[in-house]
Amino acid sequence: MPTQEMLDVTGFLGLSLRAGPELGLLALACLTFLGGTFIRGRLLWGLVGVIGLGFAAGFSAIQSGPAFAPTRDFFCFDDVASCVRLIVPILGMLMLPILVAEVDDVRAADIVGCTLCACAGVSLTSMAGDLVLLFLGLEAVSIPTYVMLYLARHDRRGQEATLKYFMLSIFSSALFLFGASYLYGLTGQTRLTSVSSNGLSRGILELLADPSSQRFDMPRTLAIALIFVIAGLGMKITAVPFHFYAPDVYQGTSPGMAGFLSWFPKAAGLIALLRVLGLAHGHGEPFGGMDGTLIWILAVVTMTLGNCLAIWQGNLRRMLAYSGVAQGGYMLASLAVGPATHQHAGGVGPMLFYLAAYGIMSLGAFAIIAYLNDPEMPVEHIDDLAGLGSRAPIASWSLAICLFGMLGLPLTVGFIAKAQVLLATLVSPMAAGSSLIGILGLLIVFNAAVGAWYYLGLVHRMFLRRPLGPQGKCGPKVQLAAGLVCAILTVLLGIVPSWLGWTQIRQGGRVHAIVPAVTMVAKP
Amino acid sequence: MNSPDLPHYLACAAVLFVLGLVGFLARRNLILMFLSVELMVQGVALNFVAFARFRGNLDGQSFVLFMLTVAACEAALALALILALYRTQASLDVSLWQNLREDDLDATEDDEPLPGMMPEAPLPSLPVAGIAPARPEESNRV
Amino acid sequence: MFELSSEVLSGLALCVPVLPLIAAVVSAVLGSTRPSLAPLVASIGVLGAFAASLLLLLATAGHGGAAHIFHYGTWFTISHHSIDWEIRLDALATAMVCMVTFISFWIVIFSQGYMDGDLGSARFFSLVSLFVGAMAILVLANSLVVMFLGWEGVGVCSYLLVGFWFRKPEAAAAARKAFLVTRLGDVALLGALLLLACQPGSRALTFDAVFSAHLDAGIVYFVLLLLLIGAVGKSAQFPLHVWLPDAMEGPTPVSALIHAATMVTAGVYLLARFFPGMTGESVDLSRLDAIASVQDLAGGLGAITALSAAIMAMGQSDLKRVLAYSTLSQLGYMFMVLGVSGEPRGEHLPQEVIGVAAFASIFHLLTHAFFKALLFLSAGSVMHAMGHIIDMNRFGGLRRLMPITHASFLVGALALAGFPPLSGFFSKDEILLELWNGSLTGGPRSAFFAILFSVGLITAGLTAYYIFRAYFKTFHGEEKIPHEAGHHAHESPRSMTVPLMVLAVCSVVVGLAVGPTGILHHYLSHSSHWHLHESAFSVNIPMILGVLAAFTGVAVAWMLHKAAASTAKKRSMGLFESLADNRLYIDGLYLATLVRPLAALGSVVGWLDRELISPLIELGATVPRMVGGRFRSAQNGLLQFYALAMALGLIVILAMFTVAR
Amino acid sequence: MPPEPFDFSLTTYYPIFLFLGAVIGFAVVSLLLSYLINPGRITTSVKQMPYESGMDPIGDARQQFDVRFYLIAILFLVFDVELLFLYPWAVATYGEYPVVTPSLQTVLFWEGMIFLATLLLAWIVAWRKGVFRWR
């Protein structure tokens, strides 16, 4: 039930202004859908989308600042939100050219509109202070994704990919909703802050249970509800065992679309997870009273299986899909560390950093693959990249840098991201289960070593092998440009990672470069 | 005790949800699979409404509104998608869509084909009135 | 010598790693269009780095004291401790970086002649510049994380350069082996870093923070142990030495630069920094004990490597492999002296003893870099002339054909053997002296040091033998030229002989200039935590013993060579029967004393390589593959199977968190 | 806020259940009767045929709808569901007991208009895409 002070006019308009970037993106998406039926043209709509996202990024950048404290409102403008709202439009600007270059003029406007919608969805998820908004944000990512999957490629394989993604996505969305309904039932409201903090008074318990016989065990019910929610989100994060669709869908769809899938839904899922588990704020009880064991288990299984299965892959996009599964595992590992407390920075900041870094590297890799993909002679197998180093040096170096980044070699942003996650697990032990978290750090190291196997194998093929057969033509230059930008960012942010965030001066006048990591330090 | 209690609603919703889940796993017709998911969502909707009544606020009701809208969007997409798939494959069998898998695994064979996969025998034409129909050896008594 | 303002110093220090890195990028970019410019760019970059480091050396030579730390920016932050882009300029780092850039410069010059006409030479020069940059980062870094960055960087460059001729399957295999084996060490180093990062005191991960942190003795032990494993991997000590001889598949200048002079010495450099540094400011017995037990290990491994590698070198017919095993052996020397732990000795504090030992190893590191680079380059010059044939049985008597190469190889060989007054003599003497002194204290470890000393002495004799054996085989006797040489069979071009001459002069002069005069001693006493006390140069027993060993080695080599030559003559002329008998006698001795132990050791090492190290690497690859293979069949493409798996996963999780609780 | 006492009990649905019972009963009884008085269970292909008053049946009994109907159905579905929002909106803003202040009424009015405009936009898109064209 909305409170009365929220329902006054100025508050309402102010709220609309604050959510301006997202509302603007959605409006622009509508206009693009409409305009696309009148004027066709890849260039035009691509430009419209990129400019719109640029404005959104600028608007978010202006908005972000110390004025945004965590609230218990429908919209939650806190540090997580301001961080994500800056990253998403920027990655969207990199994503759009890749996608638009893959479709023809007729579908360009539609795919731009869908991308804008999905970007707005991720942003909305990050701002969600309420289950309703969270759900809408997630669906604003999912529904355009279904359409885009079909638009990007609609031969038999594309159709199969679309079918699998669609069916499993709505299935997992039903799981999420089931959990959400119980969260609502247990707390009596859809506000998230109460869901995860102290909304569980004894009174509710007594009301809910039959007075004559205790049929409900409240914390257990809460655990069930949270598990359903996590399972529902797990599909988007591609956490094992909810990852099955990923390799098939990546393989079946176009490279650019695979790049989209590798980041946007995953980001939405992870951010939703940290919202639901109450990790975004340094107060309240994390994990809804459960300890982080479930996330710990998911993280370990996800990164290990992702890497182990990636070794086997011959298909390029399939391999990157499993690599994406593993990367999701690292991010889950970071979440398992828990929220910031007064003593340590927690795992949320490193997770957000990792998310941004992975976005850049993954988009770069898929951009280059999209660029190399020739419809006549598609780049499907990893051996299709053999001898690329001499044929397309810029593309192959960009791809190699992005792969190095995902592997976590020093001087790439991936190294910083992995180091932060690793040190979050090692340095800031939680009050409970600290040894578990420490083990998690070791497992991350081992997994990174396994990852080296297939990432370096790919680089090895590109530079140290002769091409196996005739080579296709390269695609539009704009995809190469996007990939190159990503590669440059990967290196640049590896040297000066503070550019990824914004520098803030906090207690004691100390300058903290890694924004998300610090801003999550608990507020009194 | 005449009026149903909250647990009754929850049980009913859970039954709906599980029926939908089993349907999704067991039915092989794409449309029925989709409808099974809808069943799951309706179960959740029942949960929300029941909780809303129990809690005495409208949060759950409004959640249901949004849920139904989203479900409608998904239904529209599902119909469009299934239509397109049917045009390609001339069948709604979900197990026909298994070409994307690990590359050295064999395709999973059907244990029993779906009804409708077998061609039906053509209908006999009726004899002219007044002539007893020939009753050949096919008079198999059940 | 002269004063420079802090800003200028900071800028100069930045130039050292940055100029080669820029040169690497530029020559890589230019490589595709103007490959002929790549050597020029690389040499300018490395020369700039050398000039900067020379200025730094001269500017800091006058005044000692604390290290300069130059801050250039923040890299990233670990829970309130930032990892910064900082250069730490102390005497040790300056001396080291000066040596690295100087030798790199001459090797780049040499490579212009050596790599002339090779396809992809732009790639070569780009990688060499990159290597110099990475090495400078390794040496100059203030933060351990940045140092690790350089450490990995040189490893990657080494991998790429060993596999430079990747069309050759041996080169590709050698590169992979080098990469994987050193990776074992790198993992240990990373472990040490993580362990330090977990300690509240040393979380900032700079050298000063680590050295001044109040660490538990157990932590000190494990950190140093992990560092030792890292150093063993990088410096190719037993049992991780297997990659270095194979790495000779790379171009010879690379062998000279990376696998003799610079990269492989990084492990010694690391330990020479850490052993004295970790002692802390005050005498803490448990801590010293922890350090000493790691030092024992270092000394033991060094002794095994020094002796076994020297024995291996005696039987090789491949000139480059002789030099490779010689490098192993000399690195073993440096490790051996690092094993001299701080038992109180006379009026000297334990810290001082460790410091002096570290000084001895660094001194040998510096002189070794010059003469080993010289030897490798001379070998490269021979190879160049002989059409890339490196088997010593197929050429000989080249001293008239290639006079400059001959002279420089001779100088290098004399220096390596430790003939006075060449550079190897002084540094080897320093090492032997430290071991000798250690054995004289009468402490619990004096027997151990006595063994180390005798190993050092034997190795000195063997060293003189194998290097002069190679020298006589290559440059003396009947002139023999393989047919592959073709028209190449003449002295190398100027671009190759000039570096030889320069390095030869250095090999002669450097030791004499900085050793007995005490210049290096005085200069390095400024590096932090070293606590060097002044000492005067004097003739002593180990020195005499060492020179005697060297003479014996050369004499044996000469006799064997003569004998071999005479048997060849006998076969043609049928004369000198007594000499032939004599030769047979020596042969028998050789067989009994050297070849049999060599074969045994070789089989042990081969067994280790085959049964322990390779399986370890294999295991690392097999387990994930196996795990992946198990779960692969679940990915069968059936949508409903996926949904079922999701549902089952959900049920399992539910059971775990509700029923099982 | 205490919950409104709804009059929600199964007794309200009592006639429906009566009706339902009657329908099911009739169906069961007629099936049972035909089963009981069936003389000999002889099945021939002719007997299995759909009954078309003595004529040869033409085509299948299952009529397949034209694909175009589905498109219309999809469109209807999407627009129809939007009514879900209009009803609460109208009741909350202009109902007998509006839950909002008059000043907010204006805002909510325009918000509703924006919602309808979005629908209109979607309708134009559908129109331009040629969904309404009967091809």
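Chains here go by letter, A, B, C and D, matching the order in which they are written, and residues are numbered from 1 within each.
Here is the rule we use: a contact is a pair of C-beta atoms (placed from the backbone, for glycine too) under 8 Å apart; a residue touches a chain by one contact, two chains touch by 3 or more.
Because the structure is a prediction, the values reported are computed rather than measured.
*Asks:* Between A-B and B-D, name the chain pair that shares the greater number of C-beta pairs in contact.
*Replies:* A-B
*Asks:* As a quick test, compute the distance in whole Å between the mean CA positions of subunit A and subunit B.
*Replies:* Roughly 32 Å separates the two chain centres.
*Asks:* Determine the centre-to-centre distance between subunit B and subunit D, using the mean Cα coordinates as centres, and give it in whole Å.
*Replies:* 17
*Asks:* Could you please state the distance in Å, as a whole number, between where the Cα atoms of subunit A are centred and where those of subunit C are centred?
*Replies:* Centres of subunit A and subunit C (C-alpha means) sit 45 Å apart.
*Asks:* Whole-Å distance, subunit A centre to subunit D centre, using C-alpha means?
*Replies:* 38
*Asks:* Return the residues of subunit A touching two or more other chains; collapse runs of consecutive numbers into ranges.
*Replies:* 1, 163-164, 167, 171, 247-248, 312
*Asks:* Going by the touch rule set out above, which residues of subunit C reach two or more other chains?
*Replies:* 632, 635, 637, 639, 641, 643
*Asks:* Going by the contact rule already set, what residues in subunit B reach two or more other chains?
*Replies:* Within subunit B, the residues that touch at least two other chains are 24, 33, 54-55, 57, 62, 73, 94, 97-102.
*Asks:* Throw together a list of every chain pair that touches.
*Replies:* A-B, A-C, A-D, B-C, B-D
*Asks:* Along subunit B, where are the residues that touch subunit D in the complex?
*Replies:* Within the complex, subunit B contacts subunit D at residues 2-4, 53-57, 62, 65, 68-69, 72-73, 75-76, 79-80, 83, 121, 123-126, 129, 133, 135, 138-142.
*Asks:* Provide the residue numbers of subunit B that touch subunit C in the complex, in ascending order.
*Replies:* Subunit B residues touching subunit C: 21, 24-26, 28, 33, 94-95, 97-102, 105, 107-108.
*Asks:* In their complex, what parts of subunit B are in touch with subunit A?
*Replies:* By the definition above, subunit B touches subunit A via 5-7, 10, 13, 17, 20, 24, 30, 33-34, 37, 40-41, 43-44, 47-48, 50-51, 54-55, 57-60, 62-63, 66-67, 70, 73-74, 77-78, 81, 84-85, 88, 94, 97-103.
*Asks:* Taking the touch rule as given, give the residues of subunit C at its contact with subunit B in the complex, in rising order.
*Replies:* Its residues touching subunit B are 632-633, 635-641, 643-644, 647.
*Asks:* Which stretch or stretches of subunit A touch subunit C in the complex?
*Replies:* 163-164, 167-168, 171-172, 175, 220, 223-224, 227-228, 230-231, 235, 240-242, 244-245, 247-248, 290, 294, 297, 304-305, 307-312, 344-345, 393, 409-411, 416, 419-420, 422-424, 426-428, 441, 445, 449-450, 453, 464, 495-498, 510-514, 517-518
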